[in-house]
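The letters A, B, C and D name the chains in turn, as written, and every chain counts its residues from 1.
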Amino acid sequence: MMVCSENKDVFSAVVRSNKKIGQRFYRLGLEFSGDCAEPFGKARPGQFAELDLCGTALPRGEAIPEDLCDMAERNILLRRPFSFCDVTVKGDKTVVDILYDVVGPATLRMTTLSAGDSISIIGPLGNGFAMPSGKETALLVAGGMGAGPLLHLAKVLTADYPNIKVVAFAGAKTATTLPFEKRLDEVSEVLGFPLAEFAGYGIESLVATDDGSAGYKGFVTDCLLEWLGRCGLAAKDMIIYSCGPEKMLAKVAEIAQEKNIDCQISMERMMACGIGICQSCAVECKVAGSNETVYKLCCKDGPVFNSNEIVFSN
Amino acid sequence: MMVCSENKDVFSAVVRSNKKIGQRFYRLGLEFSGDCAEPFGKARPGQFAELDLCGTALPRGEAIPEDLCDMAERNILLRRPFSFCDVTVKGDKTVVDILYDVVGPATLRMTTLSAGDSISIIGPLGNGFAMPSGKETALLVAGGMGAGPLLHLAKVLTADYPNIKVVAFAGAKTATTLPFEKRLDEVSEVLGFPLAEFAGYGIESLVATDDGSAGYKGFVTDCLLEWLGRCGLAAKDMIIYSCGPEKMLAKVAEIAQEKNIDCQISMERMMACGIGICQSCAVECKVAGSNETVYKLCCKDGPVFNSNEIVFSN
Amino acid sequence: MKDNVDISVDFAGVKLANPVFTASGTSGYADELADFVDINLLGGFITKSITLKPRKGNAPPRIVETDAGMLNAIGLANIGLDKFIKEKLPILERMTTAVFVNVAGETIDEYVAVVERLATERVIAGFELNISCPNVAKGGISFGTEPGQVSEITSAVKKAVGEKILIVKLTPTVTDISVIANAAVEAGADALSMVNTFTAMVIDIETRKPVLANRTGGLSGPAIKPIAAYLVNKVYNEVAKKNRIPILGGGGIRTASDAIEFIIAGASAVAVGTANFIEPDCTTKIIEGIKKYCVRKETNIKELIGSLGK
Amino acid sequence: MKDNVDISVDFAGVKLANPVFTASGTSGYADELADFVDINLLGGFITKSITLKPRKGNAPPRIVETDAGMLNAIGLANIGLDKFIKEKLPILERMTTAVFVNVAGETIDEYVAVVERLATERVIAGFELNISCPNVAKGGISFGTEPGQVSEITSAVKKAVGEKILIVKLTPTVTDISVIANAAVEAGADALSMVNTFTAMVIDIETRKPVLANRTGGLSGPAIKPIAAYLVNKVYNEVAKKNRIPILGGGGIRTASDAIEFIIAGASAVAVGTANFIEPDCTTKIIEGIKKYCVRKETNIKELIGSLGK
């Protein structure tokens, strides 16, 4: 292992836990010790890492959801990017948690990791969320798996910016696909703290599901819009942080633009390298004061961008 | 699962054990139940099965011997053939043991199988050793991993042909690469039963190592030749069964030919299918009464052949 | 989900129960694979290449595994026409699946001789002309890389096939496969089969020799799938569509999703090769998977063929 | 084991500390990869393709993974010659490794213009002519499939390179790569680089569209290795050896064993591409592995090159 600029490198982590927390959601706990502990201990919300899952076992036949059976046949080659939902420094060790969704061959393999396994990881990579200097309220808007980095952000915000009020919005198709470990309970829902993970940081939350099976019925962006309509806060005192599917991010960006609220979003792209050498992760960005656009790299210039920079594809 | 002619098919087995028994040798125990138990319960010595190891995890970095590191990078695609070293029917279950050597990407993966894992297996395939009708003495000549099917044969011979005397010869480069679980002890060595696995069937054995670190110093074929020289038995009353590297088999075949002893050998070829549909496993065979040769299929016509049929490639 | 959804296709006039074939050389002459799959469930069955005289094939090792693929250099080992007629035709005659005989040879006359002898056999739906085998010293691929040669052999064989359909099997290792496809179509091919394997080599660094006795072999398996899918789409767009010539597409197909990719790219039917070695009953699963996809997406095979969007 | 074994090679007159390069487009302009590897340990470094004007490249998605490979359609995104000279040359100047600039363009004049501007830069050891990029509408691969074109562009650029060496990078997707290699050599190529990627396609069966915005992309990675090794051996035997032209071989190299395969096949040096994405420091391991192999087998690079036995 080399000592590198910016502390990013190829590291080895040990799996501490890998827990199924929903239909197809898991939470993976990785422990870093020795030289690896420090760089990851300093990882900022929104940064990510590239995991090598090539040598990891596939789940056995029956354990593969039918819609992923064909995909499961593909031998994987490239690493996969994941952000962190929690980073904890414990003495000379750092524990990093990743919330993930099982969508294809790599994430299927990821489910068979078990405590004690070691795994190769490159990170921490990219730029995290900018901190909310001069703001009074931070709104975290998560779509599906996007909750991961926003949980990490929630922890850092509440620890480092105790005077800022944080409100979390979490959207999903339906109640069972909300990627949270702790189930909603009615009392906390009534009190405005339905998501235990955010409540743990003292953060109130709003849940939206497309089918209304939990919380607000509709898109999380509609829920946000409604909330903004009634909150009575000044746009300049707020900041939105968002992570989720690109369609949702586009809507969040539109809302932020209309209401003139600062907004940071975390983008996703297929990434071959994650370290800025392949140019695969192009994100089309506006050039200030011109009609032209440039491609920035999601892995190096992002994954977090100012929402007003991005040209969303349709 | 279909019911098929000759009972061979794609089956699912459950791993019962996977034990390291030497430097790079392991013994894998597979359990078959339900429909799979019967066909495998009837498996004859010398038959084999094709294991699908694609989804099995690679050992972690440090657990891969240095000389196999590069090979380990290759994603495997094809199944791998293995013969059985033991087959035991227990009620409605069948347990099949495989003795294997870690030589490349598939066998590396095999080492990470653990109790409870299920694995896809096609078998039993090919033709086993012919039984020694009318013989008085059966000589089992094993080179390295070739001991596997000969152990299975030893069990069947001693059970079904109690009047036949069986003598086992086992060769290896050096003592530590003898693929036997139970260590040699001096007393049994003096008594002529150094290999506990064979001794368990009441079979005497001779060990040969290239460096003399155990038993006879030299090739197992030289050990055999010496034994034949002093045994005083009639060629027509003996039969040789052999399995091991092709160079050794060629030597065994030569000895059998010279001394006019019936001899059956188990051949190995790279196999893409194991079931006779790809023609990859060609074994050059003499055509009786002609100078011509034909290619027979190791998987279907073999893997056991009469030694006098084979044209060995130098 | 109704499982009896219709996924039959018209392949150059031959009605197939479904678009799934086993590829030549990867399923023997039917009897071998029959232990694992009900061959009659297949849309089509293609024999191992048949030549006029029996061929021993190449010395072993004949195969070697590569990343997500394998090389083979079987060398067209086959029992020859006479023995095929005597021993294998009777087995094939019992099958209800459309049977295609893959034909190879060292000279055009040899191809023609084989086809002439078989052209009147009732059980045979058509012939697949192997002008793309990379593993023989004479014939094989040498017929398939030059448009003039392709044209010559195709028209010669076309005269011999009679009522049967003629599928020409193309090699992917040419600068512009559409030129070759076009030559075949203009000379009378009723369908195109693509792709055959890619010439390749694996070297044993311990001995510093090629692993295969034949030195080179043909690469098949999932490794080649994205190249094959591209080539099928290219030939569909540039040649097959306007000439209404169906394509039998393949190269690395393991799953229904793979098969559907080829169909969307422009294949009317698909050939499954290497995957049979790993899961001998994979074709059955692929057929079921295509049905499920059609039901789920409320589509049908006809609409799917060549439906790749902008 | 002595680790300071000499594995240096003479590559068309350029002395390389070892035969391991990073391939164009897979290691940026050096600064990016420098976080993970000491670039100065490499035998050679090749820049991402440079064009006269900056290029935005293609819309995303630009890559998709395949079995043991990946497709890319970056579309020669690069900062353009001016910015390269201003921002990147100073970084490259600090390197002790042999630096090669990969050049692309839409017209021959563009290629020549880039080379002319850089031909006198001290830090540059030579140029790699990319006439094999499958991911651009104009230029790229269109120069590389026809011997006449290859000859024309090679001689035009050769006039501009001055003292520097000219490597011509070949596409594998031609009927006979030796014909192309020969055209390049006769027109003045000092070395050949092979292979570039294979045109390929992945289709999303849910949307029925190609996954890549560019529709097609170039297949790289272990999947193509056996084809690339074969082609290197073919060109070595048919063109390079007798003309004493070194080959920079690659395609799917991940390990020292892979690299050694290419060297035995006939490559004087090897280029590692896709593998950098997975293990950014794999080149260091490959260099060490080649040394160990030479010690263990009591051989040396010179003796190894093109030593494939019968």
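Criterion: a residue touches a chain if its C-beta (ideal position, glycine included) is under 8 Å from a C-beta of that chain, and two chains touch if they have at least 3 such contacts.
Model, not experiment: these values are computed from the prediction.
*Asks:* Determine the groups of chains connected by touching when chain D is not counted.
*Replies:* Without chain D, and with every other chain where it sits, the touching chains still make one piece.
*Asks:* Out of A-C and A-D, which chain pair has the most contact pairs?
*Replies:* A-D
*Asks:* Find the chain most remote from chain D, comparing centres computed as mean CA coordinates.
*Replies:* It is B whose centre lies farthest from that of chain D.
*Asks:* Report the inter-chain centroid distance for chain A and chain C in whole angstrom, where each centroid is the mean of the CA atoms.
*Replies:* Chain centres of chain A and chain C, defined by C-alpha means, are spaced 46 Å apart.
*Asks:* So what's the Cα centroid distance for chain B and chain C, whole Å?
*Replies:* 37
*Asks:* Pull out every residue in chain B that's touching 2 or more other chains.
*Replies:* 54, 74-75, 77, in rising order.
*Asks:* Check each residue of chain C and list the ones that touch at least two other chains.
*Replies:* 66-69, 221-222, 257
*Asks:* Indicate which of the five shapes (line, ring, star, complete, other) describes how the chains touch one another.
*Replies:* The chain contacts form a complete graph, every chain touching every other.
*Asks:* Okay, in this complex, where on chain A does chain C touch?
*Replies:* Going through chain A, the ones touching chain C are 69-71, 73-75.
*Asks:* Going by the contact rule set out above, which residues of chain B touch chain C in the complex?
*Replies:* So the residues of chain B in touch with chain C come to 2, 4-6, 8-10, 52, 54, 74-79, 122, 269-284, 293-295, 300, 313.
*Asks:* How about chain D: which of its residues touch chain C in the complex?
*Replies:* Touching chain C from chain D are residues 66-69, 71, 145, 173-176, 198-203, 205, 207-210, 216, 219, 221-227, 229-230, 233, 252, 257, 260-261, 264-265, 293, 307-310.
*Asks:* Can you list the chain B residues touching chain A in their complex?
*Replies:* 12, 54-58, 60-61, 72, 75, 77, 112, 117-118, 120
*Asks:* Give every residue of chain C touching chain A within the complex, in rising order.
*Replies:* 67-68, 222, 254-258, 289
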